[in-house]
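Should a chain be cited, it is by its letter among A, B, C and D, assigned in written order, with residues numbered from 1 in that chain.
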Amino acid sequence: MDKNYAKLGEFTTLELMAVCGARAIKNGEVVFVGTGLPMIAAMLAKRTHAPNAKIVYEAGFIDSNAIDIALSIADSRLGYRASAAIGLIETLGLLLQGGHVDVGFVGAAQIDEYGNINTTYIGDFENPTVRLPGSGGGNDIVSSAKRIVIIMTHEKRKMVKKLDYLTSPGFLDGPKAREKAGLLGGGPSLVVTNLCQMDFDPETKRIRLATIHPGVTLQQILDNIGFDLIVPENVPTTEPPTYEELVILRAIDPHGIYIPRQG
Amino acid sequence: MVEAPIEDKRITLKEAAKLIPDGAHLFWGGFGFQRPPMAFAHELVRQKKRNLTVYTCGSEIDIDILSGAYVVSRFELAFFAIEGIGLAPNIQRRIREGAIQIEDYTNLAMALRFLGGALGVPFMPLKSMLGTDLIAKTKFRPKKAEVITCPFTGEKVVLVPSVRPDFSIVHVSRVDREGNAQIDGIKGEDVEGARAGKKVIVLAEEIVDTEFIRSQPDQTAIPNIYVNYVVECPWGAYPMMVYNYYDYDMEHVRMYYQQCKTEEGWQKYCEEYITGVEDHMEFLKKIGMERLLKLRAKKPFPY
Amino acid sequence: MDKNYAKLGEFTTLELMAVCGARAIKNGEVVFVGTGLPMIAAMLAKRTHAPNAKIVYEAGFIDSNAIDIALSIADSRLGYRASAAIGLIETLGLLLQGGHVDVGFVGAAQIDEYGNINTTYIGDFENPTVRLPGSGGGNDIVSSAKRIVIIMTHEKRKMVKKLDYLTSPGFLDGPKAREKAGLLGGGPSLVVTNLCQMDFDPETKRIRLATIHPGVTLQQILDNIGFDLIVPENVPTTEPPTYEELVILRAIDPHGIYIPRQG
Amino acid sequence: MVEAPIEDKRITLKEAAKLIPDGAHLFWGGFGFQRPPMAFAHELVRQKKRNLTVYTCGSEIDIDILSGAYVVSRFELAFFAIEGIGLAPNIQRRIREGAIQIEDYTNLAMALRFLGGALGVPFMPLKSMLGTDLIAKTKFRPKKAEVITCPFTGEKVVLVPSVRPDFSIVHVSRVDREGNAQIDGIKGEDVEGARAGKKVIVLAEEIVDTEFIRSQPDQTAIPNIYVNYVVECPWGAYPMMVYNYYDYDMEHVRMYYQQCKTEEGWQKYCEEYITGVEDHMEFLKKIGMERLLKLRAKKPFPY
């Protein structure tokens, strides 16, 4: 099938990030998401290549078919045509820890080169500069989903050699560390930023450049990262959004709540 | 033959808040924007409660208000923010002042801690938190979590301590005078949390006849045996939402967030909407009937 | 209040046992019962002195107001005007182990002098003569209810010095043994048989004669017991049923399913 | 934009039973007289399955039939009998023959073992079984239960091993083609048990449209994600009961009990009602429409 790709300038970076997130979801998969970009990405996937993906929100909505954008993970909007509306032990315990979740989406205030995540403190534990929201269900998701997609902005202060606080476990300190710790899930598999996509080297479990977004240079990526990124020889350009994806995406969030219209 | 008199557990919101002594430990119900006991938070502020410890999974403006007014000094929780908008403004300031301490768990860990308390066992097992600072670092609990080796499989398992707070505070869809409560839509961690408290206060959008409850016993989320007090509290989660009843008021929420970025802004909000009004009904009148009626859920949507 | 007691011959032993069971329930208490006599006793209590007693059946029926006799603990009849219909973890876990149950009723194939109960095997564990139904929720009830009423028939082979199998914990081997074992509940408080009522000596935790049913002699009781019963100096006669109790009792079980009509 | 095709998980009762290999481990749903998977038991007998291990809380004629026909060789359970009538007759004989072994737990222990399996943790804590032969004596499990000292409180706690059987078999009120199931009345241990199985077969009194389920998501007891196969199976619990659908047939139950007191009587029952009929529909025809219709629940009573 010939894809009808949009050209640079016809889509925003946030739109590209949502499309990258959507493409990380396979049809039929059980997807654990929060509000914001991951919600948009999952809704897009369901309306394109993954109609039978099942979207789970930790507040208790299972197999949601929301048609309106929700502001809270517990938003009644997420109950629309859901399979079930139950509670946290159902979603985070029975579904997720029980081994039924294929892919979980999370954000990060900081990540390190093993995909470990901080969403709790910036600065010192005793006297922090900023107190972030905390784990929520983030640690639960990253601990137990079969794979994890991290969506975040690409900044040097966010991609660090050493986290201020380790909230959610990536590959900890390297190969086999998750298994040794007793964790059930597969760990992080993809990081989507405003500059690129990154995955993890299967040997070292360290983060690795996967695709560079259209119009972005390798140097921009390296300038905005605080740890040694593995850069393979040939890094492809990120597949741009198709016109179809863009049209559907803009219909999902018509008021630009999470993806503001292009200025 | 004797007809059972219906037990009447109804009290007013003011009376309910008066039951909470300074220093008490509370389970705090609702999750995210859904069914937070907002009116109860307001009343605790009006009654100048101090030094409470609050246990919850994830809460938002409700616990930010409790923090701003110095009602709570300790939280054990997994998440706080004003979702979709930003960090909870008052909590940030109170943490910097040293007025609030937070012991961090995950949402699953907190929900299981409530389940463990409700089940009468001293801990619950889980597979989260392993390998992270959630286990390695503690603020004030002498024993926050223990990693043990499973005697059956040899694998590592985390034990988290159960919680039996002095009071559980939950806001539900409807309840009868005896305390049988129904919750529409998601239950969050309220089913477990309501059973964990030594005393339980149920606030509800409406009080219904007990025969309505008893004609469909499989719809009861919290049976009367667990419940000590019942408070009729319509629009009790405003400006947040109640499934099948009303939507959130994003205009008010954004105003709260913007205004509370400064201490002066928060003091003004608190005076205008909480301490400056006599009670919950006066608060609702201040918001205005027109505004409230617009937020009513539009059937068949639950929002 | 002058009570209008029925005379010997006007009531059956089973009726007296049901009345004894009912009187062990105080108004407002949470009562955990099974089918059979305990169900009848609890229904009688609710219709006489304890209208606000809350009857819980382990299958999930809470605060039941059944008007028809149920044959199974999971019988839909028990759902009539109940507060809630949920499940086993609710009743046995959250309500019972959670500390909300005041009094639990159980049966026994064997008991010993400390009120320990066998409902699992008669004969040798490896080659039993009879395999009984097992614990069911019996052990859970006896472990965690604040007090326990045992209803059983008074036979030498059932009241034994040593149980063939210890299914549910009475006072184990004596004072403080329950506390040492880590049990939550208060242990057995009353045994109702076809000959007498027995309670437990607070010092030794051994079983003790409390009241003798009308028309029964002390010797009959001693002849039909396999352990040393504590017999206080003055043992009163069991309070007979009142006419009011009998009328209500017979209306509860009009077809004599659990309490057959007097021959 | 793509419309999601509805997944169709429906198979026949025969096909469902064929999925179970000899030697498989099953969670067995229903509790007491309520919603036992009776038709599924019959079909397992017809297909001559052998050497199954069954996990359940308390079951009755259904597992007595599985025992009589040598389908099951091991049980882990809390209770078996024909309540209100007497001991389960076939199980008694098979135990004496040495054809069946039973590992005994309590109802709460079994329900928690299913919850533990469903939660993905290897054990669950409880405060039953302490001080008794339920801990001291085991039949075939190398580790039946472990008593540990709580690291937080110092008290004694029993750990029971979680169960993740190969299949969970549950009979529910209604289900859609995708496997979203509703259960009226009590749930027994089916909510936990249905989530514990590696594969899940849901039998239901009726199949309903998925839009019916999705218009009231808070009524779903088992969401589709857990469910692999769906079987339409009206009167599937007969001669036992299904809340809101039909009452038990005590005449048939008493006949079963009386007749199965002897091996010959059991063989006759089995031939007449199980192996001698082609399938569940033929069984129902044998019972007769008149008899079945009389048992229908008389609204507003659920029986």
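By our rule, a contact is a pair of C-beta atoms (placed from the backbone, for glycine too) under 8 Å apart; a residue touches a chain by one contact, two chains touch by 3 or more.
Small disclaimer: the values here were computed from a predicted structure and weren't measured.
Engineer: Specify the chain most distant from chain C by Cα centroid.
Structural biologist: Result for the farthest chain: A.
Engineer: Which pair, B-C or C-D, has more C-beta contacts?
Structural biologist: So, comparing the two chain pairs, more contacts are at C-D.
Engineer: How many angstrom between the C-alpha centroids of chain D and chain B?
Structural biologist: That gives a centre separation of 37 Å.
Engineer: At what distance in angstrom does the C-alpha mean of chain C lie from that of chain A?
Structural biologist: 58
Engineer: Any idea how many Å lie between the Cα centroids of chain B and chain C?
Structural biologist: 40
Engineer: Approximately how many whole Å separate the CA-defined centres of chain C and chain D?
Structural biologist: 29
Engineer: Which residues of chain B are in contact with two or more other chains?
Structural biologist: Residues 119-121, 126-127, 155, 157, 185-186, 215, 217-218 of chain B each touch two or more of the other chains.
Engineer: I need the residues of chain C touching at least two other chains; which ones are they?
Structural biologist: In chain C, the residues touching two or more other chains are 61, 79, 85-86, 89, 93, 97, 144, 184.
Engineer: With chains as vertices joined when they touch, what's the shape: line, ring, star, complete or other?
Structural biologist: Per interface graph, the chains form some other shape.
Engineer: Please give all chain pairs that are in touch with each other.
Structural biologist: Listed in label order, the chain pairs in contact are A-B, A-D, B-C, B-D, C-D.
Engineer: Residue numbers of chain D touching chain B in their complex, please.
Structural biologist: Against chain B, chain D makes touches at 116, 119-127, 143, 146, 148, 150-153, 155, 157, 159, 161, 184-186, 215, 217-218, 300.
Engineer: So in the complex, the part of chain A that touches chain B is made up of which residues?
Structural biologist: 35-36, 58-61, 68, 71-77, 79-80, 85-89, 92-93, 96-97, 116, 120, 125, 128, 130-140, 143-144, 165-169, 172, 177-178, 181-184, 257
Engineer: Which of the residues in chain A come into contact with chain D in the complex?
Structural biologist: 30, 46-49, 51-52, 54, 56, 61-63, 65, 79, 81-86, 89, 93-95, 97-100, 144, 184, 248
Engineer: Any idea which chain B residues touch chain A in the complex?
Structural biologist: Per the stated touch rule, the residues are 30-34, 57-58, 60, 77-81, 83-85, 87-88, 91-92, 95, 102, 104-109, 111-112, 115, 126-134, 136-137, 147, 155-157, 185-192, 241, 243-244, 247-248, 250, 297, 301-303.
Engineer: Any idea which chain B residues touch chain C in the complex?
Structural biologist: Answer in residue numbers: 1-5, 7, 118-121, 178, 180, 195, 211, 213-215, 217-218, 220, 223-226.
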